[in-house]
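Take a look at the structure below.
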Amino acid sequence: MKAAPGIALAVAFSILAAWEASCRLIPLPDFILPPPSAIAVTAVARAPLLAANAMVTGLEIVAGIGLALAVAVALATAMFASRPLERALAPFLIASQAVPVFAIAPLLVIWFGYGPASKVVMAAVIIFFPITVSLLEGFKSCDPGYRILFRLMGASFGRRLRYLYWPWALPYFFAGLKVGVSVATIGAVIGEWVGSQAGLGYLMIQANARLQVDLVFAAIVWLSLMGVGLWALVGLLERRWVYWK
Amino acid sequence: MLEIIGIRHGFRDLAVIGRMDLRAAGGGFTVLIGPSGCGKTTLFNILTGVVPGQRGRIVWQGRQVEHLEQTAAYMQQKDLLLPWCSLLENALLPARMDGRNLEEARRQAGELFIRLGLEGFEDYLPAEVSGGMRQRCALVRTLMFQRPLVLLDEPLSALDAITRRSLQSMLLLLQQDFAKTIVMITHDVEEALLLADRLVILSRRPMRVMETIDLDSPKPRRASDPELLRLRERILDVLQQELVL
Amino acid sequence: AGRHLSLMLDWFPNVDHLPLYLARDQGMFRAAGLDVEILSPSETTDGLKLVAAGKVDLAVSYQPQTIMAAARGLKVRAVGRLVGHPLTTILFLRDKGIEKPSDLDGKRIGYTVAGLMDVLLDAFAKLNGICRYRPVNVGFAIAQSLAAGKVDAVMGGFKTYETVTMAAKGIQTSYFELEKHGIPDYDELVFVSSDRVLAQKAGAVANFVKVVEQAIGKVKADPDRALAAYFRQLPDADRRIETAAFRLTLPYFAENQVLENDRWQRFADFARANGLIDAGLPASRVIWQRP
Amino acid sequence: MKAAPGIALAVAFSILAAWEASCRLIPLPDFILPPPSAIAVTAVARAPLLAANAMVTGLEIVAGIGLALAVAVALATAMFASRPLERALAPFLIASQAVPVFAIAPLLVIWFGYGPASKVVMAAVIIFFPITVSLLEGFKSCDPGYRILFRLMGASFGRRLRYLYWPWALPYFFAGLKVGVSVATIGAVIGEWVGSQAGLGYLMIQANARLQVDLVFAAIVWLSLMGVGLWALVGLLERRWVYWK
Amino acid sequence: MLEIIGIRHGFRDLAVIGRMDLRAAGGGFTVLIGPSGCGKTTLFNILTGVVPGQRGRIVWQGRQVEHLEQTAAYMQQKDLLLPWCSLLENALLPARMDGRNLEEARRQAGELFIRLGLEGFEDYLPAEVSGGMRQRCALVRTLMFQRPLVLLDEPLSALDAITRRSLQSMLLLLQQDFAKTIVMITHDVEEALLLADRLVILSRRPMRVMETIDLDSPKPRRASDPELLRLRERILDVLQQELVL
């Protein structure tokens, strides 16, 4: 029943082939959807430009993930510690996901200036949410048997968290983190709309306005690769940390 | 001394414990024996506050208490070992939760591991050892609680006859040398007779005390003692009648 | 260092802003005792908001949006201008048989910025006898929606920019200019400041406007040198497209820095009549009288 | 130890109060961040306008969630069934999260027209991801003991899925769904930037262009309320479906 | 007939089963008894293919097989009831997985519930019943497998003496009336003597067969039979020596 790993290549190849074919057969202008071959050529040909901007965005992403992690862990813990607090904060957290960047861009500028801070914050706002929700659900899903055990041991909340809830919620945490690092890329790009001078998002906006759509998609390819890389890294961490599964 | 006065309990429309009185002498070994599903575990859960909303009174050392959460070490029927902790770490949990000196606890746990035949498996995860070994580890953990009262819910059910015997003598040592008050649930009539100062026979659901037998013969006792053999037959008869009715 | 002025653009830097980069390249700001910091926005209204909030000293904006902002009570004032006529047009593909505005009757017409371009489109339609048309919000996608035939024309493309980018992709376009079809002439790109800034830095702002005037003069006098200076300042810019766009924009750079009260009032009245703003607005409230 | 539900009100109130105060004390003009009181006034005063547009967006959200659910469940199942397929598809799924809307807006419009379809698709692209990832992680986290049981019963993959993996992954699914419905609001709004004539996203763009910032934020409040409502609904469903926890 | 020839197994550097041969007659009742942690469960896991990579041979009805996954009903040491299914649904699982006629299966399960004293608890969730009831339910489920070979890993360990007796007679009926081949692990020497046609005494880790005792006396047997009592002492002695060594 086990499928050969050839499936992987076959699927990836057929997706790309279908795309390439549809670009060539249907008269779809290349500034609407460039064929993957053209994107690949641009992604390589403009590598120095892309790499320089990817560096900027990459740093924003990493910092954004760091900030998001700190906020998410703190929030999920606090909300798990107190159900009323959860009820009070949840609407604000959900609201934070409904705010489009243009509405608060001037605010970000006022608070964080034009430096990388505003981009990092914007990325973090997008990343922290799936992590917080997943971690909280993980905490809450803990087996009552174990909760009782820790209560009987007279464990303080901090110790319960460290020895019981945290390891219990780890698989949930990683599910959230995987979503988080995947949307981190778009988070940083959106952040770069808040007045920046560099980065893949900045590059994309400019290229799009000039109808250099192949460059837009090449930037997306670079971004995607960064996302996939982060995902793989998280997968690696997961296998190391959740060693008992 | 532990006194239980007029405890009643039911789940939904199922009456589980119907007015129960029980006294367990301080420093004594009380054994509860009764049909499967009669409410023994529920009684322990009420005593430790795991199942809330008890009616009736619990008196410990002459003072009425809400429950025995902070007084009793409780070994539950399920082993409830943390899957991400090695056997040794699992055993050290109560010490960690108390913020106790870990050196001392480690020494103590090491001794218990040897006594219970777990030496060499300190670093194994619970999923990597046998059912009996998990049960023994849970027993070690319970013994690490350092509480004056010990509640054991079928602590030896997964063990072979020989290992069981050696652990029975260990329990006796625990009672005698450390002056612990022990209340134990078992299904094994012979085990009950070997260990008990007071043997309590429980009825079917709704559970009441059918008979209390005080055993004064000195310990360690021999299973082939004709007095015990006769008692064994009587107890089996009582239980038999209760179940056939 | 001279007197510091922060300036927020309306969009990412492009040839519309060429005089500013020329001035910077030639040290004209420094010579006038100014230290100008140029910032890009995330969205076209950012500059107005930040200027009104006193967070930047100057912003590049559009006359219609400046009037809308003032009407909403933002303390903004136009202090100078960069482009003195509308660049916004109704853009369409050349070979689709559209010759005069009334040919758009019954067609689908896209627009870009909801809240502004749809109103202009509506006014344009009324003025030019386009009785029936289907408005479609096309957002970012001017070229794509035209090329894909999803709309027959788009209100909002610049005659100096989209025409060029589309030509670079081999798509020939034509357009109707607004000011030639009944919509009051206005200044496409203006410099905006706020009462608060003007109270403190009136001199510096006045100097800034003077430098802009000189820079535009230099651009018109020697376009090639100006373009070279621009590419020195923005080495990443796309030379082919920006050069072509520059050729088209050149005639529209403001002749002078006089903001005509009557012209502004005419547009303000037009805005009021068409529902862009809710109440009448005296142009004098928006225009800064240079000391 | 149980916190009074008053905390909920206290926290919510203090967040709003801090916001209101900062708007009034620090000279933060209302066109950058209006005080909550002003937003509330607008949200109520312009209720008919907002409601009409909220209806449009709401329908897009619901349809988007429906589409996302169908795609997510199918994808997660397929990827769980075949590891090579997972490896092949994962990069494309992650890439789908790195694509900014302006890059594919023209494509969406060409494929789905200017009707609601393109907004539904856009919302679904954003929503399906957290659901897929969480569900897949849930499937994978299933206890090996149960997997073995089902293998021994000779259960077909479909039956394992239905009786084992699906219920097992339900808490994960709900974690993902909670994230999904929260970002659904911004998904629909982003979809509306792709070109629309109505909806809260359209209203926001329009209001922002006219510098009616209070209306922008009132629309955000309505969106947030929709998000919170969906969240509460999911919570309700969770409590009903995950009845054994 | 089931033959096991030269089975060996080790985990990491721990030799668990060291060359083992065993024959269980078709239609016979074979009981394995041995010290806790010696490798009994591992043996069953190898037989059913749960632990892969066996060395040695398994022969069923004269044909060498890879494993007995499709041949044996296996009751594992942990109850592994699905927490989201009622007791009845848990018991019906093998029938559902086979796509068998559910009416018939329901009747059969109903009868077994009565025999095992679970009537009235059909709709309870596993978390709502006692440990012994869970074990009985797991036994019902195993009996619903309809396989010629039944492997039972300590099926009665959580039951009181009386319930245990009645289930022992039920197992005998199963063997005799339905001609099942039963291999059972137990810790209870008396139980072994009452049920076994062939009793296999196993050594400590690395596990080998220490002694095989064929019992020909007719069943049902009486525990007080002096022959059995003598055998019991001998077996305990053998085990004792093995553990003291």
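The letters A, B, C, D and E name the chains in turn, as written, and every chain counts its residues from 1.
Basically, contacts are C-beta pairs under 8 Å (C-beta built on N, C-alpha and C of every residue); 3 or more make two chains touch, one makes a residue touch a chain.
As the structure is a prediction and not an experimental result, all values here were calculated from the model.
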Fewest hops from chain C to chain E - one hop per pair of touching chains: 2
Chain separated most widely from chain B, comparing mean CA positions: C
D-E against A-C, pair bridged by the larger set of C-beta contacts: A-C
Inter-chain centre distance, chain B versus chain D - centres from mean C-alpha coordinates, in Å: 50
Chain A-chain C separation of Cα centroids, rounded to whole Å: 36
Whole-Å separation of chain centres (CA-atom averages), chain A against chain B: 50
Overlap residues in chain A, where contacts from two or more other chains coincide: 32, 102, 106, 110, 205, 208
Multi-chain contact sites of chain C, meaning residues that touch two or more partners: 43, 49-50, 53, 140, 144, 148
Multi-partner residues of chain E (each touching 2 or more other chains): 78
Interchain pairs in contact, sorted by label: A-B, A-C, A-D, B-E, C-D, D-E
Residues on chain E engaged by chain D in the complex (per definition of touch): 48-50, 69-70, 72-74, 76, 78, 80, 82-85, 93-94, 96-98, 125, 127, 145
Chain E-facing residues of chain D, complex: 145-146, 148-156, 159, 163-164, 167, 243-244
Touch list for chain A against partner chain C, complex: 29-32, 49, 101-102, 105-106, 109-110, 114, 193-197, 202, 205-206, 208-212
Of chain E, residues touching chain B in the complex: 11, 33-38, 40-41, 77-78, 117, 128-133, 136, 154, 157-164, 166, 187-189, 236, 239-240, 242-243
Complex contact set, residues of chain C against chain D: 43-45, 48-50, 52-54, 65, 68-69, 72, 74, 110, 113-116, 118, 135-141, 144-145, 148, 150, 276
